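In order of appearance the chains are A, B and C, and numbering begins at 1 in each one.
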Amino acid sequence: MVLLICQHCSYKWDYQGENEHYATCPTCRYKVRIPEEKAQMLRRKGLDMELKSEFSLKEQPVKLRGIAGIVNKTIEDYQHDKSMLIQILLRLQNNFGWLPMEMLLEVSKQLGIPINQVYQVATFYKAFSLSPQGRHLIRVCTGTSCKVRGAPIVLDWMQTFLGIERGEITTDGRFSLKTVNCLGCCALGPMMTVDDKYYGNLKLPDVKRILSKYT
Amino acid sequence: MKEVKRISSPEDLKKLRQEIRAKKDSSKPIISICVGTGCIALGATKILKDIKDEIKKSGLEGKVDVRETGCLGICEQGPMLIIYPEEIPYFKVKPEDVSEIISKTIIEGQLVERLLYKDPETGEVAKEIGEIPFYKHQLRLLLGNNANINPKNIEDYIEIGGYSALAKAVFQMTPDQVLEEVKRSNLRGRGGGGFPTGIKWETTRNALGEPKYVIVNCDQGDPGAFMDRALMEGNPHSVLEGLIIGAYAIGANQGFVYVREEYPLAAESISTAITQAEEYGLLGENIMGSCFSFSVRVHRGAGAFVSGESSALMTAIEGKVGEPRPKYVHTAVKGIWDKPSCLNNDKTWATIPLIILKGAEWFRNIGTKDSSGTMIFSLVGKVNNTGLVEVPMGITLRDLIFKIGGGIRDGKKFKAVQTGGPSGGFIPEQYLDIPVDFDELVKIGSMMGSGGMVVMDEDTCMVDVARYFVDFLLEESCGKCIPCREGLRVLSSILSDICAGKGKIEDIQTTEEIAETMRETLLCALGRTAANPILTSLKYFRDEWEQHIIEKRCPANACKALIDFYINPEKCQACLLCLKECPAGAIQGDKDKVHWIDQEKCIKCGTCYEICNFHAVKKLSGEAIPPPPEGMKPIRKLKGEN
Amino acid sequence: MKKVITLQIDDKEVKAEEGKTILEAAQHAGMEIPTLCWYEGLEPYGACRFCSVEIEKKGRSQVVASCCYPTEEGLKVKTRSPKIVKIRKTILELAATSAGEDVSSKMRALACEYNADLSRFRSNAPLPPTKCILCGLCVRRCIEANWESAIGFIGRGIYRCIALFPEKAGLCSTCSYCRDVCPTGRTCSTFGPRPPFPRVNDVLAGRK
């Protein structure tokens, strides 16, 4: 935005026009000179607009393909609403397991949200992963009640057994291990979920048995 | 698809209720089985399927109803089911028991004794749900209806009187009268802050700006608290009804429900409830034929504890990153998209229909003078009866933990109870007789928070738990403010050093200094109350801190770096079990030779301690380890002797 | 015209327009309140908490961030009490935990003024110093200059950092907005068209 201040009436406003030298104050109608640095910004705005019009949405192909097509179908379900960014990314994450960079770029392009905001949202929330996940997602609860009932021992043991740290995936791509801050079953700690199936009251021998069921 | 007739007046609602009640046969048995997330984890889905199959096999289809309900609270004893109309409760049900239940109780009318609740002290068997000590001392205003309704069927809720409060508010009261009633009831927010709800509603109503919004906060990030999940899964219509009444009083036409990502069943429940309410004309355009319209949208969270804070939640609903912002201008005046927004916890919304129906005076008579009504606590940790407890405010902690909770499990000694999640503090034994309400807990340094109560026994190390809370907040902090991000980083490093035996005496003073800075300057409640667990832990358990720092020992035998595992040669029976299970191969011994642990290889995982059937493994801290008893023969014990 | 109200800053009567923040009112009256993440023309962010002042309202005293708190009639503000000086010293030391002692320009000057020991907590963060306190000034400046900014925040909590988006990096060759706002001097050392921020794929891969 180009903030201009009228020297006559001290009115501040966001100049939307394209003239690089003078602007008209909306209240007192005096001519306001545009300082050089703001003129530079205007020139850059013009460049940006040119780039945008090359890929304007009106000229989009009727049916998008590939990652752009997947993203388009999800965005249409949410009626292109910018405030539903988190819900759109959640839907994409649930359906495809992870969010590749190309998908985030497409979301930014099709929704019209700056790329830095999309990245900020995708890296802020723990539910999104920007790298591929294993075939089965293990989530171990590390809430207070589960900790007091022995969850750290279960977690340590699982890390030793699978050979990975939290947030990593096994070399054969079978499991990826994550921790969660409270699954909501605090009376049955220690808890874990594997692929949306809940397991409670865990003891060490149970864990081996449960993991061996998954290929 | 059933043909649904829209309710277009309060008389229509009354007629529908009478029709539903007339269709029910009061002598027909109903099996209510809990399919909340907790019981599903214990295998309730298979039991439900077996029950349905068994009913078909016995030819009882149409003569017995099966009702899938939400969480019933006594999670320790799950999976559970209740048989109506006699209200017979069966606990710890297994798939093998299903055929016996159907044949004995449903067909013959006899009880299956081994599935009934047996009081561990008196030995009495409870034949009705109301006789169980866990439920007897509770006043289940909000959660009590969970057993009577299937959350996916709106007609169950209408049958027990649901939506009559809405009819009364919209057709017999003006918005100002509804607001006055809520103000007079002295209802305080159940989300943690305890702010008077009536005043918040009034501020939103009087603020300038259209449109206004109302929001349900179901982002219960406090670890150890799960009552929001139980309420949202089991009775979403009560929350919805309260929300619509609130919107009517405030003058809002759009509402949001924010549910955590970790509660998929709760999100499903509320979404189904919204769809059904819209079909029946109780939500959407012209509610019940009046000129009041209101619509609700569900927003899922994405795994951030800080997004549960009110300003962060509103930023997240706008589609941006859930970072808190300065609240010098309250969110009730400038909230979502800078419009007045009223945010309340779902338990607060669920209490509104009760206040409208039964009146503010009735509500004020429950609880204490400054905190009226009931509160749902999640009593978890090292107690015998873990689960959700709904009691009037003013009950003492002793009654809560020992009478309702059944005392500390495994006969250990009580050490402390942690209330209020990561913002609250520890309460030691000397304060067990204080009445629990919003103000009393703040006086001793803790707070009520959203009602989480984690009970700890003598095996819990207070420095370790303080370190756990700091690590939790470090992971969940948004990282915007310098004192929070860096302060928590430094505190976490100091506490890890103390737990590893590298603590220095000046660490305590540094901790207090950083905690003071955080408490004074930070932007949001997460940061300002982040130091509460450490400060209360220092205040009441300073001797444990000093033992960690000066003597390098852990009195509770919990901090891994300060303890050693040792197999008592007099108890070891040389069964080879720990030898096989040890992940580091650190146990030496043989079939006829007492086992001993090679301390060089031991990784202190605790596997041997957990699985030894003879309690031969001991934890030593700060003591010298006796030399390994090489070649010693085990002292064989007779069966039964310990 | 907005209503003009009176408040007291450091025992001096100050007149200000209603709705302005305490920081703006103080600057208008010629009084200096030190800040780290504030810059003229940008919306206040409230991340550094350095501009904290003690206010007294209805008999109760409170510490608030002056860059965000709106002025009210009859407010009493203290900008340099012993409590505030101690807080500011601790904030500088905490900021230096990951930024390191080798900072220049504004932060170095403030550290000298408040006698802060910038290496006090360095042993608690065994990582190479980043020279960045995450005040967000460069990001906010970039957003003001270019609608789709080339840099932005990534991550949460201690993993928060500023990354460059390669698709938008073309704008950097003609722009130098982020250079003059940095309080630690990190962005001053730009050589040529390459901005001193790691690319986003490197940050996500763990290569900073």
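Everything below uses one rule, namely that a contact is a pair of C-beta atoms (placed from the backbone, for glycine too) under 8 Å apart; a residue touches a chain by one contact, two chains touch by 3 or more.
It should be emphasised that the depicted structure is a prediction, and the values quoted were computed from it without experimental measurement.
J.: Quick one: which pair of chains has the most contacts?
T.: Max contact pairs: A-B.
J.: Taking mean CA positions as centres, which chain lies farthest from chain B?
T.: C
J.: Find me the chain with the mean Cα position closest to the mean of all the protein Cα atoms on display.
T.: Chain nearest the overall C-alpha centroid, as shown: B.
J.: Using the average of all C-alpha atoms in each chain as its centre, how far is it in Å between chain A and chain B?
T.: Roughly 28 Å, centre to centre.
J.: Measuring centre to centre with CA averages, how many angstrom lie between chain B and chain C?
T.: Whole-Å distance between the two chain centres: 39.
J.: Chain A to chain C: how many Å between their CA centres?
T.: A distance of 26 Å separates the two centres.
J.: Give me the residues of chain C that touch two or more other chains.
T.: Those would be 153, 155-156.
J.: Where in chain B do residues touch two or more other chains at once?
T.: 304, 321, 475-476, 478
J.: Indicate the residues of chain A shared as contacts by at least two other chains.
T.: 117, 120, 124-125
J.: For the complex, which residues does chain A have touching chain C?
T.: Touch list, chain A to chain C: 1, 3, 40-41, 44-45, 48, 101, 105, 114-117, 119-120, 123-125, 130-131.
J.: Which of the residues in chain C come into contact with chain B in the complex?
T.: 36, 45-50, 52, 63-65, 68-70, 83, 86-87, 90-91, 94-95, 97-98, 121, 124-125, 133-135, 153, 155-160
J.: Using the touch definition up top, name the residues of chain B that touch chain C in the complex.
T.: 304, 321, 325-326, 328-329, 474-483, 485-490, 493-494, 513-514, 517, 520-523
J.: Quick check on the complex: what are the chain A residues that touch chain B?
T.: Checking each residue of chain A against chain B gives 82-87, 89-90, 113, 117, 120-121, 124-128, 142-150, 153, 156-157, 160-161, 180-189, 191, 196, 198-201, 203-205.
J.: Would you pull the chain C residues touching chain A in the complex into a rising list?
T.: For this pair, the touching residues of chain C are 41, 139, 143-149, 151-156, 163, 165, 167-168, 171, 174-175, 200-201, 204.
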